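Right, I'll just put the structure down here and ask away after.
Chain IDs A, B, C, D, E, F, G, H, I and J follow the sequence of writing; residue 1 opens each chain.
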Amino acid sequence: MPRPELLETFANPHPGRPYEIYLECPEFTSLCPVGGIETDATELELLKGGAPDFGTIRITYIPDAQCIELKSLKLYLWSFRNDGIFYERAVNRILDDLVARAAPRWMEVVGDFNVRGGIKSIVTARHGTRP
Amino acid sequence: MPRPELLETFANPHPGRPYEIYLECPEFTSLCPVGGIETDATELELLKGGAPDFGTIRITYIPDAQCIELKSLKLYLWSFRNDGIFYERAVNRILDDLVARAAPRWMEVVGDFNVRGGIKSIVTARHGTRP
Amino acid sequence: MPRPELLETFANPHPGRPYEIYLECPEFTSLCPVGGIETDATELELLKGGAPDFGTIRITYIPDAQCIELKSLKLYLWSFRNDGIFYERAVNRILDDLVARAAPRWMEVVGDFNVRGGIKSIVTARHGTRP
Amino acid sequence: MPRPELLETFANPHPGRPYEIYLECPEFTSLCPVGGIETDATELELLKGGAPDFGTIRITYIPDAQCIELKSLKLYLWSFRNDGIFYERAVNRILDDLVARAAPRWMEVVGDFNVRGGIKSIVTARHGTRP
Amino acid sequence: MPRPELLETFANPHPGRPYEIYLECPEFTSLCPVGGIETDATELELLKGGAPDFGTIRITYIPDAQCIELKSLKLYLWSFRNDGIFYERAVNRILDDLVARAAPRWMEVVGDFNVRGGIKSIVTARHGTRP
Amino acid sequence: MPRPELLETFANPHPGRPYEIYLECPEFTSLCPVGGIETDATELELLKGGAPDFGTIRITYIPDAQCIELKSLKLYLWSFRNDGIFYERAVNRILDDLVARAAPRWMEVVGDFNVRGGIKSIVTARHGTRP
Amino acid sequence: MPRPELLETFANPHPGRPYEIYLECPEFTSLCPVGGIETDATELELLKGGAPDFGTIRITYIPDAQCIELKSLKLYLWSFRNDGIFYERAVNRILDDLVARAAPRWMEVVGDFNVRGGIKSIVTARHGTRP
Amino acid sequence: MPRPELLETFANPHPGRPYEIYLECPEFTSLCPVGGIETDATELELLKGGAPDFGTIRITYIPDAQCIELKSLKLYLWSFRNDGIFYERAVNRILDDLVARAAPRWMEVVGDFNVRGGIKSIVTARHGTRP
Amino acid sequence: MPRPELLETFANPHPGRPYEIYLECPEFTSLCPVGGIETDATELELLKGGAPDFGTIRITYIPDAQCIELKSLKLYLWSFRNDGIFYERAVNRILDDLVARAAPRWMEVVGDFNVRGGIKSIVTARHGTRP
Amino acid sequence: MPRPELLETFANPHPGRPYEIYLECPEFTSLCPVGGIETDATELELLKGGAPDFGTIRITYIPDAQCIELKSLKLYLWSFRNDGIFYERAVNRILDDLVARAAPRWMEVVGDFNVRGGIKSIVTARHGTRP
């Protein structure tokens, strides 16, 4: 289950300048929802039907008062590892969690997922307007 | 023969946010129309003249109330496998069928087809205006 | 000598929608004009001075009532094979011939030619305004 | 169903020299056997379970008296299009059929198949000893 | 915990010919052993210290009587997902399990793991002698 | 410790034309702050905890009266070698130092840092408005 | 028609040392034989059926007393421009002509031809034994 | 010393259409100014200190009445070969010389220079406004 | 100064099988010897003359009783960071230190260093004979 | 004129181990011999006919008592800058000069020259037998 409480921030060292931070996390993995139902999967369920999904999460944002601490972001993304979740929901969920914590001036989250059934998916969600 | 009735959708989990979904299907195949006439080809006709075409279909859209279900999209695209159809018609047909089912806020369909007779073709059609 | 009379078209299957067609022809070859004079070259003249040129022709257009038939386009481009012609003239000539036949809403022709004398050339000409 | 009777050969123009011919066919497609049983699939069965497989066939051989005619090779490979067959059997079958027709001094057939279920497969079979 | 009992095989369709099969599994993931001790990690332990490892497993083999069934291989590799194990042990373990099940004439297993602490690791183990 | 006093400039040879200069420095290295505190690290501290960071610095600017001298830029960037500093601060610091010395019409500094803990970071800061 | 009389050589500047020369000619073009008959094609015939072929010729050799003069090699290869010839014959012909002129210690000629009918062909012929 | 008098032009074959010409010259070489002073270097001076610089010159322009003749452009760029000159001055000088000769509607000159002292430089100058 | 005492090993989990381990460390940095004398450089000396060198160290080995522990290898390679040392000596030194600690059956160390003065260097040293 | 007297060596730091050194010099330039005669060219002659040649020199060797000093190698290669010389002679000359100075156990020199007249050339010469 995603754990947004793991996310930490630190004070933006240059709050007066609207600069941009890009973070690329190529080792994201979650589970495909079993029977179309999004839920936590035990290892047994995993082997019965919920296949692992793999992808890259790309986050771009313009910080306001807070910057996202990288190690906490890594732990937060690991918390999807045994979670059954659709691509569309995962990307919107990550955006919501990061916005709630870091309150950026602008943010974009891209989930670039590996081919499944011969189809590659990329989901892109944005918060605010890019200056 | 393309079977739009195979397409299924599911409720958009974040209908309030205009986010973007990109789907890439690199294993599209159909048949070149025999004698310039678009028709279903039996295997015999295939060997007599209608050569297979191969390409990648790229779909980008902003969902409104519905998202396209990936497995049904795969089955829908398979239904072109033994169909004799021109590139231009195939791309516009896919766009029409997807728009009819999913009613997106905006959609683009790109057909990127392999070289035939030394010429590569890419056909791009759009529905609505990108916000 | 370029033979625009070889070009054929077919009725646009979706005339109501301004979609885009891209055609890439990577096997274009013509001759460098002998002594700076553009002319047809016999094989003998070829060996005396007019060196072969090679390049890729890229055509992008938005069809109106007519689409360009691919096989006829291939034959038309082959008709430059033994023709001595400057890059600038070839690209503008192809654009003029295609516009005269297919009357597109908008068209761009790019000639991307191989290195000659250590210099690579790309010539781009457009007809109409891209919507 | 594979049709080896479509394969044709022509007389090797340099039978005295053991030269090598490599043929790469990037547009091979067949069907995954339905229910693990290798069989011809009707279009209906295709939609029920037998998913399309895609791959590249690479053939290298040293001709003896006969060379493989390219157009007939293309038609022969097309004849797998609606056939349900395992990768291992397809590659060994192609090798057997080509050896039966062209009796090369040496031949290698490689089937390089697209990812299925997150696993990519390459099968390589050889006839005779490379000189 | 790795589950070799998930591995299945099928009868080699061409047992008389020593042909080669290559399988590439780019979505392998396991856990780094917590505190240097190889053990199963609960999700809590995962967050406390055992970081996920990612890599590609490449298997090449010459089958004897049995071929490895792909879907069962996928399930077997998934069973490392929540297992704390060193790279060196994982690769040798996979080789041992596959050899025990399929008894190939020759087999090579390569584990190509992502950068950790600025160092990329590739471990290669072989069974038997390549003919 | 960064030494902006090492930076030198020379008179812009074409001050009347607003042309653009791009400088790419692929061998930037600094230290990760020890214990989250930005400070100079002795070699001993380095081995105890402050890990080296590596990245590429990309600078684009439109000079006004002065251009940045390349050798002095190299020395200035070397002065971060044993400095413990966060990515966000390093990029903003370089921008501030270069603007103070060269007073460009416009400047952008990009720090493209290698993967750490499975996450790649790119930080982009700008001074002025691009004409 | 290929003109081997155009080939010229110059005295090997280091005849005592068996060094290697590799020549890559990426702009080879000839015609596909019309109706399967190898013949010279007039421009008219070209448009009726004999399609242009394109490829790269790669020559590697160890010179003995003579080296191949590059400009004459270029003219010789141009002489295939309007010639209808099979791939297998072209490569063996080039090898025969070069060996007859330059009498190398060893030579290999590779013809790497563009895709035709979805199949790419590479033909390799050798003279002598590589030391 | 750069010799703009070598530059020649020819009459634009399509003066009525504002098409674009791109020229890429990947073999530009000049000398680094000795002791920071821009001057012609004898071979002796070259060996004492003025190191060779290498780069690619990219020219894009929209011709008005005249097009730049390629062979003369090649000779003009060769005339920088033994000239000691700064990157910034070289690019602006080439732009000035080309504009003086060919009077284009718009022109851009890019000098993309190889790494020196671990830093890569790209200088871009423009004349006029792109339509 | 290189600190081989930082290197640690762990017991080979499969000592009976001669498998291979490849380690790639793309973030190696040391200093160029000041005045041609190999010595430790203070930061001041660094700025006066000893320029930083960058490269990738590639280690391949077949373990005997001991495997190299990755974190300790990272610390060991960091200990060259402020050391003035020639490429040839660095590679041989790393090989000597690793052999002394881990006593492998066979080992190869490659130092692949970035361009300096327009020349790229790769140094390769081996211990023992590859089985 | 090539100046072998510029080449310097230093004592091999590990003379007991037959390790390998690879040097890649991507910025080699010389002149094409004017009128087929190899000679020094004045700048005027350069502009009249002797065109510049560009290429990469790759040197691999196993040192005996001496290693080649990199800065002196750079100066030596610069001394070909205004020299009219054939590819075959240049590569053999460099090999002869380096062997005379450094007396390696084994050496290979490769000259990889840019396309001229549509033909790319690579010349490879070796001294001694690779152990």
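Simple rule for what comes next: a contact is a pair of C-beta atoms (placed from the backbone, for glycine too) under 8 Å apart; a residue touches a chain by one contact, two chains touch by 3 or more.
Please read all numbers here as calculations on a predicted model, not as lab measurements.
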If each step moves to a chain the current one touches, what is the fewest number of steps from chain D to chain I?
2
If you tally contacting C-beta pairs, which comes out ahead, F-I or C-H? Let me know.
C-H
For chain C and chain E, let me know how many angstrom lie between their CA-based centres, rounded off.
53
Can you check how far apart chain C and chain I are, centre to centre, with Cα atoms defining each centre and the answer in Å?
56
Residues of chain C touching at least two other chains:
27, 114-115, 118
Please name which positions on chain J make contact with chain H in the complex.
3, 6, 27, 29, 43, 46-47, 51-52, 54, 75, 78-79, 81-82, 114
What residues of chain H sit close enough to touch chain C in their complex?
12-14, 17, 19-27, 63, 67, 70-71, 73-74
Within their complex, state which residues of chain B touch chain C.
86, 88-89, 91-92, 115-126
